[in-house]
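Look at the two complexes coming up: subunit A is in both, with subunit B in one and subunit C in the other.
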Partner chain A sequence: MKVLVPVKRVIDYNVKVRVKADGSGVDLANVKMSMNPFDEIAVEEAIRLKEAGKVEEVVAVSIGVKQAQETLRTALAMGADRAILIVAADDVHQDIEPLAVAKLLAKVIEEEEPGLVLCGKQAIDNDMNATGQMLSALLGWSQAMYANKVEIEGDHAVVTREVDGGLQTVKVKMPTIISTDLRLNEPRYASLPNIMKAKKKPLDEKTAADYGVDVAPRLEVVKTAEPPTRKAGEMVGSVDELVSKLKEAGVV
Partner chain B sequence: MHFELSEEQKQLQSTIHDFAQAEIAPVAEDLDRKGAFPVELFQKLGEMGVQSIPFPEDLGGMGLGVFEAVLAIEALARADQSIAVSAMVSMASGLTVARFGTEEQKRRWLPEIVSGQKICSIAGTEPDAGSDTGGFRTRATQLGNGQWSLSGEKAYITNAGTPISLFTLILAISSPPEAERKKFTLFLTPNDAPGYTRGKGYDKMGWRSSDTRQLYLDDCQLGEEAIVGELHGGRHLLHKGYQAARIWLAACSLGLAQASLDHALAYAKERRAFGGTLGQKQMIQQMIAEMALKVETARLVTYRAAWQIDQGIDDIGALSMAKLHATEVGSEVANMALQVHGGWGFMNDCPPSRYLRDNRICTIGDGSSQIQTLLIARALGLDVDFT
Partner chain C sequence: MNFGLTDEQEMIVSTVRAFVEREIYPHEAEVERTGRVPPELAQEIKRKTLELGFYACNFPPEVGGAGLSHLDFALVERELGRGSMALTHFFGRPQNILMACEGAQRERYLLPAVRGERMDALAMTEPDAGSDVRGMKCTARRDGGDWVVNGTKHFISGADHADFFIVFVATGEDDTPHGPKKRITAFLVDRGTPGFTVREGYRSVSHRGYANCILEFDDCRLPDAQVLGAVDGGFEVMNTWLYATRITVAAMSVGRARRAFDLALHHAAERRQFGQTIGRFQGVSFQLADAVTEIDAADWLTLAAAWRLDQGLPANREIASAKLYATEMLARVTDMGIQVFGGMGLMDDFPLERFWRDARVERIWDGTSEIQRHIIGRELLRPLGS
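== the complex of A and B ==
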């Protein structure tokens, strides 16, 4: 079986995000970019399935700007076998919306015929949480979102999902789409020799036009704003002072 | 001339940096307190491939240079100098075997060193002589049966007594007692060689999770196959073969100096005093700017000297400058960072206080600052006398 893992290039989760002065979005100039952490979990899961002998090939796909090549190299260094880059934008600030991504993935899936798609439950940049679900609808495949545990049993996948109030186990027919939650696994660090070897693994470069998919945005971003800054606290010298301050504020 | 790292080098650097910050920095304080060598963490570095960087590919290494190893060691030391030094001593000792050892020695002893699952060491220093390598007394006596018998003591030896220590390269006098000039040979001494024992670890002010011990040799019998490099060529091996350690020690201080700057800068932006942040005070700004300048100059001399080694340029002066400058800068910048932290800086849980303790040995070990200064003077053509 072949597994397809879509990976997105996003602002590194350690970076303190700044909003552009004109409110049109987030500043990406000279900002460290990394693989979306949920996608890292998906790559890890795919590699573990391969190591367990359940999967023969892991193919990583990224859709976005040319620089997403680095993200794919990371997936290859972790253990993916080959990669497909679909260049869909020149400007790093242009986000490709979930529907366009899902349509492109559907085309890739037509060609590649994987038995399983493992994707992150959401990208940490705009938290859409939609691509996997849309892809399932476009293909008419089963889906199991927010996986906490994945087991392949013949032509079915048994997936434990994180839902409100606990865990739910579902059995879905393959081919299927599984999205990863945070606790599914702990992704490995790519070793230095594997990083070097990753450069020699195949990376196909395509464009959105090659697949005839229109990636023009359908959503209009009205405004992007920083979260309100927290006001500085006030130090008090004694319990009495605290009580009188609280009374002043009208909370007691 | 250009100063840009290659894509490959940047990737190597950032991979180790990310790993070190996520997996090592958070446990560094605890390791320091416990003072025990972290076997698992060291082997994890091995799985990442860190120790394999400078070894040739036919030995399982990555076939990269001393310079790439500098980048790795710097990134490790930015999280914890103790583990960086343990790794670099093993790499430098192993590299001495890789460069000068026999095929048999390489095949038998190096794979686990290259993969970072075992650790090795080199022993020159003795209780009565350190800088004065001519004053070493450990003696190797040739027995009739082609065997050698080693007797003597070694002091302050890194990596020899961990649960994963594999061998130590021991420097011993191999010329007969009556010889006019002492000659030394380097013996690869397996940890389980009869007559070779290790004392208990020293109680140190820094490098607390790096293993340091006294070694005892009491009629430790080794065959010809234990000799690394030429018979009587041991001092040359210690100075030339083990040369990488000197630049890697500079990298240990460089990473630590950078970490000191990182902490001081973050604290200055956060700590409030006199109606603003510390970072808004000109005197603090001056200190931080000075720290950054010191770190940058240390980086430049270290990188250049490492690059020269990889180019095959033999420049003892540049090597000594890097070792001297970077290690001194490590202590200066750690001390300044501590000062920026005020009273908290004096506490053991404030990282710069640990950095100051850790770096203290760097200006002493592997050719002290005084010895490096003399070597620079000699490289400049002055008549420096080491006798």
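== the complex of A and C ==
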């Protein structure tokens, strides 16, 4: 079985995000970019499935600017076998919307015929949490989102999902789409021999036009703003004082 | 000319950086407080480094290393420099000088060192022989077919964890027009060899937990098989293999300076005095501006020296410049960091005071700043006949 792992190049989680002066979005010029952490978990899970003998090939795919090639190299250095880059934007500030990504992935899946898609539950830049679900609808495949545990058993997968209030275990028919949650695994470091091998692994470069998918945005960002700064707190001396302050504030 | 890193180099940097942040940083405070590395932790770091294929990455593939170039290795050292040396010691980089091993020595020393099975330490310095290496008093005399070693070495880093030592010893003296000149030979000495003792050393202000030890030789008998390189060829092995280690010191200084700088920068951006963040005061922002300029300069100087080695170009002067400048820069940058933090910078709640203390030794070991200036001056003036 082949696994397809979509990976997104996003602003590094350590970077302190700044809103652009005109409010059109977050400033991405000259900031450190990395693989979306949830996608890293997906790559790790795919490699573990391969190590466990459940999977023969791990294919990473990234859609975005040309620089997403670095993200794919990271996936290859972690252990993916080959990569596909779909250049769909030339400005780092141009985000490709989930529906366009899902349509492109559907086309890739038509060609590659993977038995499983493992994707991050959401990208940490815009937190859409939509691509996996949309892809499932486009393909008519089953889906198991927010995976905490994945077991492949022949023609179906048993996935434990993180849901509000606890864990839910579902059995889905393969081929399926699984999105990864934070606690599924702890991604490995790229080993030095794999870093050196990554360059020799195949990386195909395509464009959105090659697949005939229109990636023009359907959504309009009206405004991006910094979160409001927290107001200074107040120290209270006793429980009674706390209760009266809370009453004053009208919250109890 | 291209100043960018390759994809591989970027990945090497990010892997080592992530390793140091996750596997080293969390244990630093304890090592600093106790002055020792728990053996289980040392083994854990070693095991993870081996798994990652980074152990002995400075060695060529023929002997089981990763065969990194000098430039790639400088990048590794730079990232390791961010972390405590006591701990990154177990992200093993055996001494390159082991490549001088021949015949059975390869099986006994070189290969186990590369595989992480045996750790090495280098012993050169003596109480009366620091920068003046040839002034060493530790001697080996011929007795039958063996060598008998007597004398003392001190400041021997990593000796507490070493399984064997590369020891430089005087094996004779030549008369030259400049007076008598000692002949030096390098020996491989196993821990536990009769007549050889490793004693606890001094308590240093720099790099707590990265112990320095005293080695004592009292009629320690070594067969010829323990000679590394040629008899009386100690300087040749030294010059061939220890040439590049100064780049390591420079690169680590750059990494540590960046970490200290980042602390100061974020403090300046957050700390408020007189109704504004202190970074808004030019007195602070100009210090940060000078510091980052110096760090960048030291970074490029170091990488360029390593690059020259990879190109097979003469690099002695450039390596000396990098070592000199990077270590002196580190002293200034850590001092600046404390000034930006104010009194809190001196407290051990923050790692800055440690970086400031650790910085002090960098200008001394692996050739003092004065020795580096001497090398630079000599390289400049010799061709002019001066």
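Heads up, the rule we're going with is that the second predicted complex is superposed on the first by the 230 of 252 C-alpha atoms of A that agree within 3 Å, B and C clash if a C-alpha of one lies under 4 Å from a C-alpha of the other, contacts with A are read in each partner's own complex, and residues count from 1 in each chain.
Convention: a residue touches a chain if its C-beta (ideal position, glycine included) is under 8 Å from a C-beta of that chain, and two chains touch if they have at least 3 such contacts.
Quantities reported herein were computed from a predicted structural model and do not represent experimental measurements.
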More subunit A residues in contact [subunit B versus subunit C]: C
Subunit B versus subunit C as contact partner of A:A29, first or second or both or neither: neither
Subunit B versus subunit C as contact partner of A:A190, first or second or both or neither: both
Contacts of A:V239 with subunit B and subunit C, given as first, second, both or neither: neither
Touching both subunit B and subunit C, residues of subunit A: 189-196, 199
Of subunit A, residues touching subunit C in the complex: 34, 69-70, 73-74, 77, 189-196, 198-199
Sites on subunit C touched by subunit A in the complex: 7-8, 10-12, 14-15, 18-19, 51-54, 57, 66
Residue numbers on subunit A that touch subunit B, as the complex places them: 189-196, 199
Residues on subunit B engaged by subunit A in the complex (per definition of touch): 8, 11-12, 15-16, 18-19, 47-50, 52-53, 62
